[in-house]
Structures are given as structure tokens and as C-alpha cells.
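Sharing a structure below in C-alpha cells format, with a few things to ask.
As written, the chain order gives the labels A, B, C and D, with residue 1 at the start of each chain.
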Amino acid sequence: MLLDENTRVLVQGITGRIGSIQTKYMLEYHTNVVAGVTPGKGGMRVHSVPVFDTVQEAVKETGANASVFFVPAPGVLDAFYETVDAGIRLIVVVPEHVPVHDVMKMKEYAKEKGVVALGPTTPGLLVPNLGKMGIMPASLFRPGRVGIVSRSGTLSYEFAGILSDHGAGQSTVVGMGADPVVLTNLVEILRLFEEDPKTEGIIIVGEVGGEQEEMAAAYIKAHVTKPVAAYIAGRLSPQGKRMGHAGAMIRGEKGSWDGKVAAFREVGVDILRSPIEAGQWVKAKGLTGA
Amino acid sequence: MLLDENTRVLVQGITGRIGSIQTKYMLEYHTNVVAGVTPGKGGMRVHSVPVFDTVQEAVKETGANASVFFVPAPGVLDAFYETVDAGIRLIVVVPEHVPVHDVMKMKEYAKEKGVVALGPTTPGLLVPNLGKMGIMPASLFRPGRVGIVSRSGTLSYEFAGILSDHGAGQSTVVGMGADPVVLTNLVEILRLFEEDPKTEGIIIVGEVGGEQEEMAAAYIKAHVTKPVAAYIAGRLSPQGKRMGHAGAMIRGEKGSWDGKVAAFREVGVDILRSPIEAGQWVKAKGLTGA
Amino acid sequence: MRLQEYEAKEIFKTYGIPVPEFRVVRDPEAALRAGLDLGLPVMLKAQVLVGGRGKAGGVLKCETPEEVLTFSEELFRREIKGLVPKELMVEKACEVEKEIYLGCAVDGYEGRPVLILSKRGGVDVEDVFRRHPEKVNKFPLPIDGGFLPYQARGLSKELGFSGEGMLSISKVIYLLVKVFYEYEALLAEINPLGVSSGGDSICLDAVLEVDNAALKRIRANLPNPATRIENPIERKGREIGVTYVDLDGDIGIISSGAGLGMCSMDIIGDRLRPANFLETGGGITEELLYRCMELVTMKPNLRAIFINVYGGINPIHEGAKGVVRFIREKGLKIPIVAKALGNRQEETWEILRSGGVEVVEETDTESAVKRLCEILERGRS
Amino acid sequence: MRLQEYEAKEIFKTYGIPVPEFRVVRDPEAALRAGLDLGLPVMLKAQVLVGGRGKAGGVLKCETPEEVLTFSEELFRREIKGLVPKELMVEKACEVEKEIYLGCAVDGYEGRPVLILSKRGGVDVEDVFRRHPEKVNKFPLPIDGGFLPYQARGLSKELGFSGEGMLSISKVIYLLVKVFYEYEALLAEINPLGVSSGGDSICLDAVLEVDNAALKRIRANLPNPATRIENPIERKGREIGVTYVDLDGDIGIISSGAGLGMCSMDIIGDRLRPANFLETGGGITEELLYRCMELVTMKPNLRAIFINVYGGINPIHEGAKGVVRFIREKGLKIPIVAKALGNRQEETWEILRSGGVEVVEETDTESAVKRLCEILERGRS
């Protein structure tokens, strides 16, 4: 899902320390990385991948149609517009600490242009044995039929690892991004999983705060036919100090562990109290095997 | 043209010194002034015209569908968006000294929303014996068949007065506005005159600087069938000190009296060397009478 | 980072939002001087970064010099939701006829700014939100500015104001939105905005929370967020670039990623008592994990440390070196259990084991916590 | 208002655009000190607000202290397109490999900002515009900002640069556009931008022209535009809010509206010699026309005054009072011909006639000028 045989990956910030090593890991996982971009470094090669000054050139020369970002946080907004304007419609924004006002602009632009964008602060996207865009450690993943969507990067690895150990592979693993505003909401990822013929069950890895899970519950009730389980991290996390009253108005009572679990339970989503329970769940639902 | 029997005029800034007296003059000319707006003064009346706090209310309560501005220059941008967003599609911006960057924004918004807007720094719009939006001194105008469009306010009065003296009335007199950027270009006004059945001849009152006249000449050649005469003020004006080179690039050789006159002559427009020649021109073209 | 009320008010004031005259003081004598200087009556307001300060007794009105002295002494001693104020605002008391609520916030789900207005504001505003949602207006704002004065006028009309009141409130709404954009705020709030019988508006309490990720490009002198943290370990965490939250247990936690950290805390919390939450973010180095060990062990009476990290973007083998170096240098004796998976995991395990760390090779946190419990049980028996 | 080169460069510098080190001096001794301080060679640049300064000899390179002294003495005396510089810039000379042109301007007809780039810049750039338009890139900008660094990179690639040169030029382009928006400029220009063999960029000459109508809201300390006007009558005109242009004839002109003013000037100019152009704008009061009379009569040897005004937005009857008051107070004897039409014209005529002004009732300026000629003929004979 999202990433397939026709995906031609561009790496932005490829000459940086992280961009370079992660490109190596992506190539080792047989991802079709066709180009890199670092302004001013056009003409270089990184792990044999040709580097360009601009996304436009990279697209023109290599037919890149998806991009993963390892650019510094203050440069993400600029790179995002550049990438969208060059015609790319799948973007993975790995960096953390991108200013929220930038993310809001990017989210609106993505919606306007029909772009699917993950992040910021995402480990990216991985389709086992096909490729990955981002930083997910490949050894934990196996091909299979369970879709995982996670707000947390490391917890997506944890769940994939547990599933793999229990004989249940993954169709696609999606890191949504851990920021208060993410470029693509959970509901939208669930829609993609519901439509994806290779996905037969879905695990949602959520956490306290925000209202992604509450909105997802409503969506699941109306539109999702596949079995869904959910884990919510932060059951015992101390409540943050409240800042002003506007949050209460925007979110009402949303955001708590209890509220999210109740919302999911009400629409028939199975609640996992600990990641390890995902192992039992896939067995119970017959989702093991490739 | 533009202003007709169905026009219901709103006056913005009606409680100000100029707004109030000009409203009186407009009413004396039997203009259908239905409402005024001055924020914070809702509920008042000015020369019996009801005043509202917002354009939205004024439109809702009185069906106003055209607006003339007497608001202070720094507030014009805000008032313009308010007026367009309230659904009004004909706006006359009388004030001078509106910042150019504001005018650029207004011009784009007008284009996007299909608004005809005159100014800034315009005397407005007058249809003899029907009404006026703006500050034109009514005594100089007579109904007839000649359309006048002028970059200069006072010269539009001069030409109307001369025509009236020579027995040639006016169909509509349009002040385009004297700023370096105007909300509606000359070409667009010429298009309206060409389409207007009540207009049988057109007088363009231009001046040195900018490229309105040059663009108009090209338009006339392709689209205007009615007789056209043009006067260009500033034949003897000393050339302004040149500021940088960008102007030369944008405008090339445009902007001079010679250039404008040559452009018009080339497409068959009659050149008036002095306003008084307009009297002879209307007689020669048979445009006298009502 | 949330600013103190007086910092927010100073910013609001530079934008032209009317605020009462005030002084900031650090002792009762200064409070008295400020009170006499401003003219009584005055409000004393504890400067603490928590909500519900008024209800918790952090705001007192003083009519006499004696009250200023006694009440300020009282406030400098009073704990408000766990925090004792170091500074008080002494503010001229204002007569107002109405109190309304104005807030400008990021709607995280929609990913856009939203303006929230309520014709009833003050300490009970959340009750209004809950019980009378019809009294509250929510207005989505354009993503990148472009909010215009006329829109503010329309909104202040909708709140039921006219004449001078409409003008003064719409001016405040417009300027609050401007602050919100120019400070890249997560929240800019005035609650309440007092409106006098003559229609004048005045900002009686102010909240401004800015995005730490945007601090460097905001054109203003803002304090270093680390200086805002009261707890010394949390402050130190902020300084080295990790998120540390102090808890009252005795099992230290180091994790990469907030989700994994919360998950570790939840699982440990079912059987043991976490001493902290610590997440490294994506910048692990040898030095960083050395410092994380330092942070976690600042807590007295620690029984054990639980490390839970993934090698995705993080070079966990580098981090392992820092852990082991710390153990060796400090001669740390308490049990340490680590789960470390992903890129270069075998190398990582080897390093950790060389420092005496108990490495769990299972993929799930549950098993690792079980191992921790076993070790602690064994130690006890 | 156009700023002096050094003022523009100071602003550009605060935005991060590299400019050579410089000093501003008002006498040759200061020039010498500055030259020695900066290190030779230096450029001496006359600070005059005209184009084509370089071709007119206003920029000189100095290799020795003696040259700094002699050349600066020379420049302080040299008239450049009618202006003698009061200030010189002493600027460190730079070695560059290429000179390109960057300009950001308002396209008046389209009503939008436009960025203009040419890979050949310098004093001959207008020749390039004329002869090699294919070497010039024009790029329409968004109306309300939103120009992004990546677009600047794309443009600097199109200019044929790569590597460090591409990066440094794109940074300058981006920052120049930022200055253009934030200063509400009519023109922001760097010509030339020098590019070194290592790819560094440096702004060698700078133009910044800001919109006087926006001055009050620009967040910066800019000089009062009136102080920029060399001619004392023109400066005084600016101070009272009218546009006065000094000419070399002897017939004073006062008109409402630039168009009518130019028309009056054109018609008068065919037979007589205008002493000035003066247009009042839409703010006529008794006081303003009194002051306009004062302005016009500052010119020695005036033969007559021609007044041409319309009562549209202007209360011309008020203005007439000012004219008459001036005539009476100063005992002005030269002929004054006035054409004054529109609202309250009869009242206006009566007032003017009471002061001995010859009022023309015809609607056309031609007739009024004819009357003026007749009166002057009569006076001569």
C-alpha cells in the first residue's frame, strides 16, 4: 500500500549524516531509491545514487515519484513546497521539531494538491520485502496480512516485531508521525487499509492526547469492515499541566486513555492492554502466515 | 454603463466629513444611495441614509449592490475585502495614498471574484441624469452618447464640461484612478464602452507614465469599432529622475508622450493636443446631441 | 513553552492590546511599594504556570496597604497545584461591566488555527464551554495569516456588542490573532477580557504559549525554555535535549520514542513504580546516553534502570557505549535491564553485556519487564 | 522615496545579504581616515539619488592615500545630473569574477511584483535589457509574499550557477524579495551582485525605493521623505502635502489634480514658460491654498499665476479665501487668472474676484490660458 513496484524514491537531504546512512539501509532493503537532492551538491553520488540540486531536476532525470525527507527541521516547509510543486504525491517527513505553524501550512497544501504525506516525526513507511521510505529497522518486519498504523515510531517496530514472532506478517506498516498536527490523519490511513486488498486486519497503535483515535472510532463504525485492534500508550502517564482553556473547547473531553479506549470499545475495536497481546489477537483472528 | 436603474449604492465612511457631504451631493443628483457604513456608528442616519456597522448588515437590510469608499487610506484594504466578501461587485475607491502593496492585493482579489473596481484616487463614476458614485461635480455633465474614461479626476471634468458646452452629452464618465497600479485597467473599461449600446464614441484621457495607453492601443486595434479620440497630459512635463533599471525592463520604452501618441495614431485613434479639441472632434464625428 | 502572565501581557501591550498597569515583585516589601505606587485597590497575582490559579487562591484583591503586605506574604508561601510562586504581579484593579473570553489556538486534528469566543468568560469559562456550547463561537482562521479587521468586527457583533464596545473588542480580537501568528503561538488567550460600561476593553488575564520548535525564528527576545522548568532534573533533561518527566517511584526508564517510553511506563507501572519517564528523541549518541544515565541516577534510592531503545534512526551501538562508560566510571551497582532491537542490535548487545547490563533479546517490552521483575525478586530473596 | 545606497545597504545587511565593508563621510579628511581604516584599495561613491551615477563619474577607485584625498575632494565638488553629493561612501574594493543583475519591482500594469534577473549586470545592464532580452529572466511573484527559498534556488540555477554560487545567489534572491515585501518597496535592486570565483556573492550597489503611502506601517526607522528633497521649494511643498516641481519659467501654476496640472503646463508651455508644476491633491482648505500661494511666489521674477481647480472633492470656495487672503496680506500685484468650476463655483468666483483675481467662466483650460496671455500682452503694451 502506498509504496509498490512502481515507486521510485527520492531522498531529500541525502548527503547529510542521517540521510546518507538511511539511504544505505533503504537500498539494502531493495528499495528503489533513484535519486537524492541536496542543494549545492548536485553531481555527487551517495551509495551510487545520483544527487541533484533541485527536486525538479531529480524528477525530470530519474522519474522519482515519492520522496523521503532527511532535511533539517527549519527547511522542511520549503522542501515540502518544492516537492509538491515538482509533482510528487507521496512524501515522508522524518524530521522532528518542525514548527507547528509550518506543519499547518503543509497540511493544507497537501490536501489542496492531493498529496499523501506522513509525519513530521515519523519513522516512515515499510512494505515487507518490497521496500521502505524512512528509518524503520528492517529486520523486525515480515510480509503478511496485517496493517499497522502507529503514532509512535518505536512502538510500530515493537508491534511488527511481536507480530513477526507470532507468525503474523505485515501488509504495510505506516508511521503517522508523533506531532500534535500530522500531515495525514489516522482516519485517512484507515481508509487506505480498508481499500487495500493485501490487508486483512488492522492494528492501531495510538497514544494519549489529541483526538485521532476518537475520530478513527467514528470512522471505523461507518466504514471499516476488517478486524481492528488498538493499543493506546500512556495509560499511566501523569496528566500534563493544563494550558489555558482553549484545548477544552476544541477537544471537549477528548484525549484521555479512558476516553479513547471507550470510543474504540463502543465500535467493536479490540483493545490491547499491552503490545504482547497483539500476538494472541492475530492468532485469534486467523491473521498469521504470509 | 456600470451604474443603472438597479444600482443600490452603499457609502463606506459615510459619517466622515467628506463621506457625509459627498453623500449629500450624490443624493442631490438623485443617486439611489440606500445605506452607509461606519463601524461603531450603526443606527445613525446621515442625510436620512441609514448607517450600519458592517457591510454585511447593510447588504442584508437594504439590498445595496455597489459601494463607494470614503474611508481613510490605511483602512481601504480591509474595507475592500469586507465589501467583496459581502457580495458587492462594483466598488469605487475614491481615497488617495492607498499603499501600492495593498492595491496589488485588492486587484488580485477583484479579478478572482469578478469585481469591477475603480481607483484608488478616482473621482468615480457618473451616468448623466441617472446618478453618480464618487465626487464628480454634477453641474458639468449632460446626458448623451460619448463615453469618457480618464486617468485624471479633474481632467475628466474638464472634458465633460467642454463636451457639454459643445452640445455633446456623455453616456458614462469613468475615472480609472491615478495611481501607478489601478484596480481595473483601461483595456477593461474600453471593453465595457464597446459593449455599451448607449456609447457611440469614446474619449480616452491619459497621461504620461505607465503603459495603460500602449496596451489600450493594441486592444483598440483588435476589438474596438467605435470612434476613439485620446488626449495625453504631460507633453511638456520634465522627465522624472530615473530610479534603478527595473522600470526599463518592465516597461521597455513605454511611458513617454511620444510613445503613447504614436501607439494611438498607429491604430487610428484621433489625438487631441488640447482638451478644447474634443469639441471639434465630437462635432466631426456627429456625436453631439443627447 | 508557556509564558508567565506578565510576560504575555508585556507582549500584548506592545501590540496595542490594553492591559492594566502592573509591577512584578519578588518580595512583600516590593509588593507594598508597587501597590502604593499604582494606587489601591490592587490585585496580587501569583506567577505560576498552571491553569485554575484563581480558583486555587492564587489571585487576591487588596484594598489597604496592610492587605498588600499580609496577602503577598501569604502568596509567596502558598503552594498552587504543586508550585510556589517566585514572583507576584501587582496590578491596578479595574472596574468592568462584562467579562468575555477570547482564545486563539491550534486545532491539532484539523491542523489549523481556530479562534474561540465566548460572551461569558472568567474563571468558570470551562463550565460555559461544557454547559452552554451555544454561547461559544468557534471560527476557523486562515492557515497563514490574512485575518482582517472587518472579520474581527463581524465576530464582535456576533458576541452582541455594538458602538464603542464593538470597536474596542474587535481591535483586541484582531491584535490577539496577530500575536498568535507572529509569535507562532500554540495558544494565545485572554480570559477574561473586561469590558467597561463605556465600551473600553481591558485584558485582565493573559496566556501565551509558543512553539519551542519556532523559537529561533520569532523576532523577539523570549526566555530560554529550559529556565522555565521548576524541577531540576527535568530542567537538566531539557538542556541536554531529552524529555524527562519526574515521577515518584524507583525504577529509572530510558527509552527512545515517547510511545515506547509510555508503553514501558505503563507495563512497569502495573507491577513496580517508575521513577521517571525519559525519551531520547532521534539524536542518540554515546554522549547523550551517558548523560541520560546521569540524569536518571540523580534520583535517590533508585532500585533499577530499564532501557528500551530501537535502532531505527538512532545508532544504538553508540548509545550502548555511553551506558557502559557511565556504569564503569561511576561504579554503578543497581540492576540494569535493556531491550535494544533494530539496526546493529547484536553489536549493541555485546557492548551492553560487557558492562554487566542484562540484555533481553525478546521483541516485546512485556518480556523485558518480566525479566526486570525476576531480577529484583531474586535480589530481594 | 528612494534611499541612498548606504541606507539600502544597511537594510540589506540586517537581512543577511553580504555587502562590502563601508563608511559614510562628509569631507575628504574623513574619507582618508575611512580609507586607511578599511584598507586600500577602496571605492569612493557619490551619494546622489539619480540613476547612471557610475557613467557620470560618481564612482572612483583609489589605490593610494593620495588618491583618496584628491578623488574625494573632486567628488565633493562634482555635479552629477544636477546634484552635488553631500556624502560619499568609502567602500572596500572587491575582486569578483562575474556581475549579475537582481531586481524586484512593482509591475504597474499587471499590478503585481516581478523579479528580474540577468546573468549580465553592471552599468550597462539597460543595454542588455534592450539588446539581449533572452538573457533576462522575469518571474512574477505572489502578491502577498509566500516566495520560498526553493524558488530562488531554481532561479539561480536558471542563471547558470551551480554549487556554492547557486547557494549564495539564491540566498540573496530570497532575501531581496523578503526586503521587497517587508519594506513595501516599489523597487529593490542589486546591480551588480558580484560573484567570486569561489561562489561567494556580494552586493556591490543597492537601490531601495519605498512607498511613501506605506511608510507609517513599515517597522523600521526610515527618514522623513521631505528631508530627501534637495530643492527648497519642492521640499516645502512636500511638507505641506502638495506636489511641487520646480521649472525654469515665470508663470506660476496651482492646480487640483496631476492631470489638470500637466494639461495647464502643456497649454501654457506652448506660449509662455511655466515656473512650476503644483498640484494640491484632494485636501484643499483655505490654509492650504494660502500656503500654495506662498510656495509659488517663492520663485523670483514671477510674471503671473494661473489657478486651475475643480470643486469635486475639494471645497474650492474655501481655497479661494486662502488665495485672496494671501493677495491682501502680501499686497501681491502680479496678474492672477483662475478657472474654478464645479461645486459652489459661483461662490468661489465671487471670493476670487473680491481679491482682484481674473476669473474665467469658460469650461476649458485653453480659454483660460488665452485670457492669461491677453492680460500679459496688455500689461506689456
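We take it that contacts are C-beta pairs under 8 Å (C-beta built on N, C-alpha and C of every residue); 3 or more make two chains touch, one makes a residue touch a chain.
Note that the structure is predicted; figures quoted are calculated from it, not measured.
Both subunit A and subunit C are touched by no common chain. Pairs B-D and A-D differ in how many C-beta pairs touch across them, and the larger number is found at B-D.
The greatest centre-to-centre gap from subunit C, using C-alpha centroids, is found for B.
Put simply, the C-alpha centre of subunit A and that of subunit D have 56 angstrom between them. With each centre defined as the average position of its C-alpha atoms, the distance from subunit B to subunit D rounds to 27 Å. Averaged Cα coordinates give subunit C a centre that lies 52 Å from the centre of subunit D. Touching of two or more other chains is recorded for no residue of subunit A.
Within subunit D, residues 144 each touch two or more of the remaining chains. The touch graph of the protein chains shown is a ring with every node of degree two.
All chain pairs that count as touching, in label order, are A-C, A-D, B-C, B-D. On the subunit A side of its complex with subunit D, the touching residues are 39-43, 53-57, 75, 77-79, 81-82, 85.
Residue ranges of subunit C in contact with subunit A, taken from their complex: 2, 49-52, 81, 101, 103-109, 111-114, 116, 125-126, 129-130, 136, 138, 143-144, 181, 184, 186-187, 189, 191, 207, 209, 211-214, 216-217, 245, 247, 255-260, 262-263, 265-267, 269, 274, 277, 281-282, 309-313, 341-343, 345, 362-367.
Listing the residues of subunit A that touch subunit C in their complex gives 18, 22, 25, 73-74, 94, 96-105, 107-108, 123, 135-137, 139-140, 150-155, 157-158, 161-162, 164-165, 178, 180-183, 185, 205, 207-208, 210-212, 215, 231, 233-238, 241-250, 252, 274-276, 279. Residues 148-150, 153-154, 157, 162-164, 166-167, 170 of subunit D are the ones that touch subunit A when the two sit in their complex.
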